[in-house]
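Paired with subunit B in one complex and with subunit C in the other, subunit A is shared by the two complexes that follow.
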Partner chain A sequence: MAAELGPRAMFVAGGTDLFPKLKRRQFEVDSLIGLDFLPRAIRNGSDECVIDAGVTLAHASHDPHLNERFSGYAEAAGHVSSPPLRNAGTIGGNLCVDTRCNYYDMTYEWRKAAGFCLKKDGDICLVAPSSPRCWAVSSSDTAPMAIALGGVVTLVGASGERELPVTALYRDDGDRYMAKQPDEVVTGLRLRRSPNTRSAYVKLRRRGSIDFPIAGAAVAVELDGDRVESCRIVLSAVASYPLEAKAAEEFLKGRRLQEDVIREAAEIASRPAKPLDNADLSHFWRKRMVRVVVEQALARASDQQPGLDG
Partner chain B sequence: MRVVGKPLPKVDAAAKVTGRALYADDIALPRTLHCKILRSPHPHARILSIDTSAAKRIPGVLAVITGLDLPIKFGILPVTQDERALEHEKVRYVGDPIAAVAATEEEIAAAACDAIAVEYEVLEPVMSIEAALQTPKDERIQDYGGPNNVHKFVALEFGDVDAGFSRADHVREDVFFFQGNTHLPMEQHSAIATYVDGKVTLWSSTQVVHYVHRALSKVLELPMNRIRVIGAAHGGGFGGKTDPFAHEIIVCKLSMITGRPVKCTLTREEVFYAHRGRHPVLMWVRTGVTRDGRITAMHFRSALDGGAYGSYGVASTFYTGALQTVTYDIPAYRFEGCRVFTNKPPCGPKRGHGTPQPRFALELHLEKIAHDIGLDPVELKRRNFVQPNTRTVNWLRVTSCGLEECTDRVIDASRFHDRERRPGHGMGFAISSYLSGAGTAIYWNDMPHSEVQIKVDRGGVTAYCGAMEIGQGSDSVLATIVAEELGLQPSDIRLVTADTDTTPIDLGSYSSRVTFMAGNAALEAARKMRALLVEAVEASGRGFDDVTFEEASVLAEARFGTLTTAGSYTPPKIAGPYKGSGVGPSPAYSYSACVVDVDADARTGLIRVNKVWIAHDVGRAINPLLVEGQVEGSVYMGLGEALMEEQAFRKGLHKWPSMLEYKSPTFLDMPEVETFIVETIDPEGPYGAKEAGQGPLLPVPPAVCAAVHDALGVWIDEIPVTPEKVIEALRRKEKGEPPRYGPQRFPPIPYPPTIKVEPPPKDAAITAI
Partner chain C sequence: MYANAVFTLSNKDVNQLHREALRDVERVVLTLDVNGEARQLLVPSHKTLLEVLREDMQLTGTKHGCELGECGTCTVLIDGKPQLSCLLLPIQLQGRAITTIEGMANGSDLHPLQVAFAELGAAQCGYCTPGILLAARSLLEENPRPARDEIREALAGNLCRCTGYTKILQAVELAADRLR
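== the complex of A and B ==
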């Protein structure tokens, strides 16, 4: 159906981001394809977990198995928006959530007055007018955590089913931010861990609820004794895609998660983050805060007691 | 007393919380048309042409109107009649209304707006106070006012200010900025009109049915007797629904043209454009004190960014200088105020109207003086507190005053002087005062400001009053007062309110006037009714307390015929003998004191408010539950203004006209609040009551800033206190620069020569002049 209708149709799961965008005419489509018929279960294995894309964010954040074994992921899901929207919003929807920009997330009338931008109806980027691309910000809380936990999504489309690492789901382009085919639907997310994996997500936003992240750090650490065997640090809301801090990951390998090491790792992790003036508060301050959220996430991960089986 | 002073639920609580209250947007009359308004995409432009022909051809469109259909100007103040419901000559901010459509569906009306072609000559926008003081590049925004884009100057001097400074041991100057913010009511503005038998009826979400009534009469060119305005159930105003608005006039006109009901509910974005919110104000203050901290003189300057139209701006300008003297005994005082026009949505009254900005500046300024001379700020302020039953240097009459008691309550409860000393932790203290109703009406007249009628018959008691319930509890106060006098419960009293056909006048829910003024009118009417009942019962040989209310009412109706009584309230004439003295006088002032406890993170600049203690002198709490609600709501709004709310602009546009992007605190950001009600039993208030809805907001922003200074040793002299400002102030402190963030200078403003006013004689009577 999606293949037939093409760009005049969109999939809708929870609709918490989509419906307001239809009202503001950021999305202009003739048809919505509801995904309510898809299953909504969380299937737990000892070292992996498969979450159907239709599982609500509230369900994921309260699930005991996820909280115990993939605590960073449950935390990230629990930090999205507000309780009513988490009851409707799904984990698949949050993985695919549109990139954000405060020149774009406005009504049709406002955008018309400001001059349309290239993400919708226009041909320049209002944040960086000399740039040929769109700099809208990846604003998913769960995507960075899914990447840190080595997540793999199942995609179903007209040409069949395939699996894709979450990290390959995104492109460095605020406009065409997803690498999947338009007729493909994310139907599930598989997360993996070893007994020694610890994960944490720290989100920075102005208020205790509702707000999208203005910086965030998802970390998953594999420990060998008290040393880091491997780790993944993925930043939210500082680029058009979930930004993996590879240099910091390398740096941490073989080191103990002690205060000075965490501080240095956070400093390294913050270097590639380049927030622009298109989200809440100043981009200078947000850039400064990247280090803080990474530090807090690593400290949280290092403080965690090993899980029941770890 | 039987019901006064009891924490009873609001009389309209059940309807509001169960969704049964009928708001303007809920009113669905048969054949209603929907109205959409085309608004300017330019902050400043001349309109060369408007072509509505394509819009009119769209099926489902029944009428399209422009400014040519509604050319008469209006405005809330008689001196600034500068608005048109639709502008056909010039637009002055992004969002200025240009044309309106009535159509069978809202979507059709929106499409028709999009089909209207407007040709503009774009003009240079003026987006700041500094720019407004300069010569305009193209042309000025309004064609009246002072030089360049100045709207209004005020320059007044009371007592010998220079002499006061020369006898001071210490003189200090500071500059502050309070950013503009908006009311953010839950309910968007909404209005629906009908035109039947040559009469217009309008239901609207408004705070001022009477002023809307007057504006409609003027612009529609209909006598007032052919217009009826009804206040629908109200989802919050905070001052944002205190002007007559374009959409209210437009739906009436469209209904007159089409003969069908027409409704317009503003979108959230349009509410940001309707605005009339807090003025951004730049302030400069200079104060002299003696060695022991007594104020000898004060000189206060303000510059208000008014936005594109007058609105309440003249009053707002006076208010930035009026109430400084109502909390502190200032023996000599000079005030210079200036309001400028800019190409932004017009500013007006928001909770505290024109006084939270100077209160913020004044409290922080005195805090700094206390630090300069090595005195505890609480002690310095205390030494200057005004005393009850006095007149201030600018002739304001102070009667009941609970400043001392309010201060004691919060200082003791918060253990302010034994506060915990740990890095990043701090406490701040501030006080304030506010009017219990403006002493003068918006248009000059000698008539009462509020009137109440009571009818008693076999069905019970009905009270009629023009007062508008906007959530503050005005209906409950009316019902409680009438019930108290007649020996009933508030739930026994039926109310008819805010309907210009059926209720006597009340000027509206603004300036914290309703409890005091409508309350006094209700008290008079209820006491007259009680006298009739008592007389009839006693004539039958029994005592009033020995019969039921029903028996009493039967006896009285049999004896006197139709039972109606009326009461009214006119404020005493207490304004001082000078031009401009009409802004500031009030029959009574409320007082508040507040302590805020924060943790401030030196690394991130993030501030967490742990707790707020607030004491409010309400005179008498007619319903303590409602008073607490108003105080806590004020604290909430004050914290939002102090820490995040910002009506900011970028490239001539409102930066974030949406509830998600315009940051206002959520429940999770709200700290614990401990409220103390202080009762001073005002001699003129109903049962001694004063206001509670606005005053408690005022001390919150300065107390937050004082607490941040206590925590981190930096002054944030600009509201809101965002984390980036804190970080910048800390950086300056580290570099050895002055440890502050805030405006560097106050611009040179060509204020006119001050009008010198003799202060009232020391033994001035506190009764009416």
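== the complex of A and C ==
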């Protein structure tokens, strides 16, 4: 159906991102295709969990199995927006949430007065006018955590079904930020862990009760005894896609998660983050705070008791 | 004849119908379960639940705020859980139980939360109150003994711009005590 209708149709699940954007004419479509018919279950295995894309963020954040075994993911889902929006918003929707920018997330009249931007109706980026690309910020909380936990999404479209690592779902482009085909729907997310995996998510935002992230750190650490066997650190809201801090991951391998090691790893992890002046609060401060959120997330992951997560 | 036409067009509802007909608005017949009553409606398919409640069902207790999902004043309960009616399409809600503030009292008996809010003065201008009452009701149905932080968390999506939240939190605690 989506393939037939083309770009004048969009999918709607929870609608918490889509409807405000339709009202502000950031999206202009003739048809909406409701995804309410998709299943909404969480299937738990001991080291694997398959979450249907229609599961609400509230459901995922309260699920006892996710909280016990994929605690970082449950935390990330529980930090999206506010409680009534989590009751409507879905985990598939949060993976596909539109990128954000101070020059784009405005009413039509505001954007018309300021001059339209590259992402909608215009031809230049108002944040970096000399740049040929859009710098809108990836603002999903669950996507970095899904990447840290090695998540794989199932996509269903007109040409069939396929699986894709979550990390391959995004592109470094604020405008065309998703690598999936427009007629493809995310129908499920599979997370995997070993018994020694610890995960945590720390989010920075202006109001703790509602806002999108302005910086965030998702970490998943696999321990061998008290040493790090492998680790993934993924940053939210500092680039147009969830940014993996690979140098810090390498640095942590084989080391103990002690205070000084964590501090140094956080410093390394913050280097690739280059936030621009297009989200809430000052981008210099956001850059400095990346180190802090990574440090907090690593400390939280290292504090988790083996019995709890093992 | 001409006078008749003027008279007909001066009728607000008919006038609106004419405008919508001119814009070729697609309408749908829906059955919504609102406050335990099944209601059949003919509404434009693009209207939000908030607009249908207020404009087509005259249930104006649900307030119209930011329209963008930030303020929480349009909160209603969908199958007992708070959601924002400004971001819901009625076409997606057939067969689901919708509760608005009008469905909170039992006849002339106010819900204990409403009584506690009135007694403690937990409302100033009152615009956020319907949404807060419904979010609090959903919390107490799930968790009859919420801690202060749990109440804060449950009401995190409902903004009050008049005053602080202390009296609101106290009123929810008082109602929780009385409901036990």
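The rule we apply is simple: the second predicted complex is superposed on the first by the 307 of 310 C-alpha atoms of A that agree within 3 Å, B and C clash if a C-alpha of one lies under 4 Å from a C-alpha of the other, contacts with A are read in each partner's own complex, and residues count from 1 in each chain.
As a convention for this text, contacts are C-beta pairs under 8 Å (C-beta built on N, C-alpha and C of every residue); 3 or more make two chains touch, one makes a residue touch a chain.
Quick caveat, the model's predicted, so the values are computed rather than measured.
Undergrad: Just subunit B (first), just subunit C (second), both, or neither: which does A:Phe19 touch?
TA: A:Phe19 contacts subunit C only, not subunit B.
Undergrad: In the overlay, answer first, second, both or neither for which of subunit B and subunit C A:Asp36 touches.
TA: Second partner only, subunit C.
Undergrad: Counting only touches as set out at the top, which of subunit B and subunit C does A:Thr197 meet: first, second, both, neither?
TA: neither
Undergrad: Regarding the shared-chain residue A:Asn87, is it in contact with subunit B (first), subunit C (second), both, or neither?
TA: A:Asn87 sits against subunit C, while subunit B stays out of touch.
Undergrad: For A:Ala58, using the defined touch cut-off, is the partner it touches subunit B, subunit C, both, or neither? Pick first, second, both or neither.
TA: second
Undergrad: Counting only touches as set out at the top, which of subunit B and subunit C does A:Ser209 meet: first, second, both, neither?
TA: It touches subunit B and subunit C both.
Undergrad: Name the contact category of A:Thr167: first (subunit B only), second (subunit C only), both, or neither.
TA: Neither partner.
Undergrad: Contacts for A:Ser236 in the overlay, against subunit B (first) and subunit C (second): which applies, first, second, both or neither?
TA: Neither subunit B nor subunit C is touched by A:Ser236.
Undergrad: Now for A:Ser139: first (subunit B), second (subunit C), both, or neither, which partner does it touch?
TA: After superposition on chain A, A:Ser139 lies in contact with neither partner.
Undergrad: Jot down the residues of subunit A that show up as touching in both complexes, subunit B in one and subunit C in the other.
TA: 82, 208-210
Undergrad: Over in the complex, which subunit A residues touch subunit B? Could you list them?
TA: Residues in contact with subunit B: 82, 102, 105-107, 109-110, 112-114, 206-211, 280-282, 284-285, 288-289, 292.
Undergrad: Of all residues in subunit C, which touch subunit A in the complex?
TA: 48, 67-70, 72, 75, 78, 81-84, 86-89, 91-92, 135, 153-154, 156-158
Undergrad: Considering only the defined contacts, which subunit A positions touch subunit C in the complex?
TA: 12, 15-16, 19-20, 23-24, 32, 34, 36, 58, 81-85, 87-88, 208-210
Undergrad: Which bits of subunit B are touching subunit A when the two form their complex?
TA: Answer in residue numbers: 39-42, 94, 267, 269, 603-605, 644, 651, 653-658, 660-661, 663, 665-669, 722-724, 727.
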